[in-house]
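Single-structure report; data block below.
A, B and C are the chain letters, set down in written order, and residue numbers restart from 1 in every chain.
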Amino acid sequence: MRAPSPLWAFGLLRSELLTTFRRWRTLALLGVLAAVPVLVGIAVRIETSDGSSVGGAGGGGPAFIAQISNNGLFLVFTALAATLPFFLPMAVGVVAGDAIAGEANAGTLRYLLVAPAGRTRLLLTKYTTVIVFCLAATLVVAASALVVGALLFPVGDLVTISGTRITYGEGLGRALLIALVVAASLVGVAALGLFVSTLTSSGIAAMATTVGLLITVQILDQIPQLHALHPYFFSHYWLSFADLMREPVYWDELVRNLGLQALYAAVFGSAAWARFTTKDITS
Amino acid sequence: MAPIDTDDSTSAGEGEELRAGRRRAARYVVPVAVMGVAAATIGLVPALADSGDPDLPKITAEQLLQKMAESDTEQLSGTVRINTDLGLPDLGGLESGLMSGMSGGPGGADGGDGSAADPSAKLTELVSGSHTLRVAADGPDRQKVSLIEDTAEYSLIHDGKDVWGYDSKSNEVYHSTAPDGAERSGKSAKDVPATPKDFAEEALKSVDDTTSVTVGGTAQVAGRDAYRLVVEPKQKGSTVGAITVAVDAETGTPLKFTLTPASGGAAVVDAGFTKVSFAKPDASTFDFTPPEGAKVTEGDGAKAPEHGRKGEHGPGKGTPSAPGKDGADGAADMKGMKVIGEGWNSIATFDTGAQGLPTGAAAGDLSGMGDLGGFLGSLGDQVKGDFGSGTVFKTRLVNALITDDGKVYAGAVTKDALVKAADAAK
Amino acid sequence: MAEASATEPESRDRGSADRGSTDLGSADRGSADRETAGRQTAGPEAANPEGAGPETAGRERADDAVIATRALTKRYRGGQLAVDGLDLTVPAGSVFGFLGPNGSGKTTTIRMLMGLIEPTSGSARVLGRPMPGAARTVLPGVGALIEGPALYGFLSGRDNLLRYDAADPAADPRTRRARVSAALDRVGLVAAAGKKARAYSLGMKQRLGLAAALLQPRRLLVLDEPTNGLDPQGMREIRALVRELASDGTTVFLSSHLLDEIEQVCTHAAVMARGRLITQGAVADLSAGARGRLVVTTPDPADAARVLKEQGAGDVVAVEDRVTAEPPDHDLAEVNAALVAAGVRVRGFGLERASLEDAFVALTGEGFDVAG
């Protein structure tokens, strides 16, 4: 019997992170996400090249889009608002859905467990990795938008949506805070995807189910008759990140969003644990 | 592969199979328990936090009114939640068109040339649904009201001579200079009865012999102890059940305004602070310079006072604040407008001059109602009486009778009262 | 595997240390006694999973069975009984052949032993500890190849091993690279270590899987069909490796549906069919169980058959110049003398040893499905 290393948990986590971020699929997802701000930026640039504003007087389009042409930093917020409803959670759903089911599909799960990775430890490692991916994906969008915004549009002091003025430095700070909140908004989807991933041995099925659930919830969130249920949908408060751009910051929905994400993480995380630690591994 | 190293699986036996199954099921207790705790927290914490009505010294209605009158609160900031349930049919997309039609009448700044940042365009949004406002005030010269929208905000800022409207969604700015008159009270510059105080003042203007005013116990509003001032119509026939104003016990500032209909059910208007602070707001709150590239629409300075006042009454009527003499007086200068009855049972009447349903172009404060009628034509009730026949359009608060010969009777009264008024006018 | 001798010295040393702790111990110990010893061992160690102290090793010495199952049963959710009341004992230091046709429950048994599947009832102890309860302390001492190798196609061979090594909480991260290099060396994959695993041939994948099982010095090696997909040269290398490991004192649990494979390398064997254990024991005993046949080669088969019957041999079969029979109880030399005395021209006289296949056929009454 050898003594377990005190760093046992981190060895597997490091390996998991390396494995995840070396996959071509992960890089492709991040690449698509990085492309979104580029497209939005170029589109806004073209549309406003004649001096007109975007989205018409009605202020259509994703949040903050009208301000981009005046301050490139707003591209960060617009890009996050544009990717949060679908692109970001879809990417997270793919990575989370594949986390356990993909290993089961490839048969590598049995070798990890015999190694022995330990089921609880493996699940924690997987969830941590998915959350790191949430953060990485959000930061990729934000960083890409920041660069594209600075290249295509003027930068400088900006006006919050409450009409007050803040410096570019503080704006950058808020952009980082918003990116963190957006990443935290994906924690619920990540737990849901992980749970689905423990239910099946097919990575594709788990990914499809997670993304399907995501779309279903988004649709249900639009149905007025289900009004009473809306506050419990993980996507309901997603756009509350914009409240960080108010002055003073309006915390109510932000806090509700983070609480809801924590609840999803606890419920589906523990459900995934209950399922995975009692599951027969036959693949 | 249980994560816990246990040796208990060594004793084989008949119970083994059962035990394994039970251990398996036991794991699922965890997520279920988490959900249970969450549900209990969501359900119980607000109930526990509601520490009951505060214990305050007894006070008479007169004392409370005096307290309100003496209130010198000039600095406050907070969040206001407004729920309006007029009982209008859900019109979905039509609603916005309808609302802009209404605002086009009395409050429209420059006809159809609407800026998204024009205050009057935004005010009407408050007529229905649930809204969150943030208010800040620092004396009579500096106020700010912000309507919180999804990922956007509409701010109306009064800073000395300037009144700014900023719509972050479209990045448009509306600017006008504050009229001199605006400086006598913060309210008129704000243009909108947004704070509970504004609502309360509207309501209290109607206090006379037709009205009973009592103190209805105490309540907690936004974490502060408050008295509840209950205003009820004495007359029969009004659709207004009661108006309750929660008044801060310390400062005398109204914190919450609730209008319940006589027909019962949810409040028609429920506006109250969810957070309030009487500290001086940060000076930067009232600073505004239009962002680069924002489209700025200039309000006409000379006309501004008039617009301001009409804008004030327009939504005041639309959002059914107490329809009292004040409202009636305001309305009386409209062309052909007459007021029948008094107090709560006042009925406004005017002749559109047209046959049947008036169009939205009808002048006057009630064009909004007429406009509404145009949309709701199929939804009205046909009534007959000595006056002839007509159509009654009902909301939970304001009812309107439009006779076939083009007369309009409207007020916060029941259908029967409208018919009676029409008959009497004949 | 030709380079197998060039192993990392450290791991070799630890291998022999492990052998010291497992080789000793009496095989006569009753199972109830062993049960008690196991409990005593597991008690303090469960509380202290790092318990690698000499005291613990001394206690484990008493527990001779590396794998011991009692009434191990698995019924899948569909109601299918995959393993039915299995009582399996694998002695320490043995090369144990686990034999049975495809679908006989071998893999389900192995998965239960490895803690991948929870038994419906019954118990299993591996290295003296209950499974799946003590998986975290037991499995670092076990190398396994289950149902073929499974690899990350997008990682190189070396990175695959690094990942599996990282999954073992008992593996020291500081010596990880050295361990992986040694394992690659041992299975002869050093040259291909940088290639993506999806480009590997089946044989190379199998070797990489073996390398993963050999990352640490193991007390028990579980190899499920290790020669599947290998060419004859690869099979020979695997057998050589198994023998080498066994000579180091590692217990090898080898499942196969290939009889000759078992016969060539195993000291002990168990036979499964349709979820039940047919028999188990030393390979020599199993073969002896099916008695050999007396074979007489002669141009006078009819006379030979008559004489053999007179001498008390049963089941006499004469085919051309070959007469076979169940050998009689008395000395075969007298039988031969009687044949010669009766004028039978004897060209050959001998006892044909029974094969494991004979034993299997005798036990199950059916042929062995070698197709899979």
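We adopt the following convention: contacts are C-beta pairs under 8 Å (C-beta built on N, C-alpha and C of every residue); 3 or more make two chains touch, one makes a residue touch a chain.
Since this is a predicted model, take the numbers as computed values, not measurements.
The most central chain, judged by the distance from its Cα centroid to the centroid of all protein Cα atoms shown, is A. Chain centres here are C-alpha means, and the one lying farthest from chain B is C. One inter-chain figure worth recording: chain A and chain B are separated by 37 Å, centre to centre, where each centre is the mean of the chain's CA atoms. If you average the Cα atoms of chain B and of chain C, the two centres end up 82 Å apart. Distance between chain A and chain C, defined via averaged C-alpha coordinates, is recorded as 49 Å.
Within chain C, residues 49, 115-116, 118, 135-137 each touch two or more of the remaining chains.
Multi-chain contact residues of chain A, defined as those touching 2 or more other chains: 113, 116, 118, 121, 278, 281. Under the contact definition stated at the top, the residues of chain B that touch 2 or more other chains are 1-3, 24.
Those residues of chain A that touch chain C in the complex are listed here as 1-5, 7-9, 11-12, 14-15, 19, 22-24, 106-108, 110-118, 121-122, 278, 280-282. Interface residues of chain A, counted against chain B in their complex, comprise 53, 55, 57-59, 63-64, 66-67, 69-71, 81, 113, 116, 118-121, 154, 156, 158-165, 224, 239, 242, 246-248, 250, 252, 263, 266-268, 270-271, 273-275, 277-278, 281. By the touch criterion stated above, chain C contacts chain A in their complex at residues 45, 49-52, 56, 111, 114-118, 135-137, 139-142, 144, 146-148, 150-155, 162-173, 176, 209, 212, 216. Of all residues in chain B, those touching chain A in their complex are 1-3, 23-24, 27-28, 30-31, 34-35, 38, 79, 90, 114-116, 132, 134, 146, 148, 150-153, 155, 157, 164, 166-172, 282, 284-285, 287-289, 291-295.
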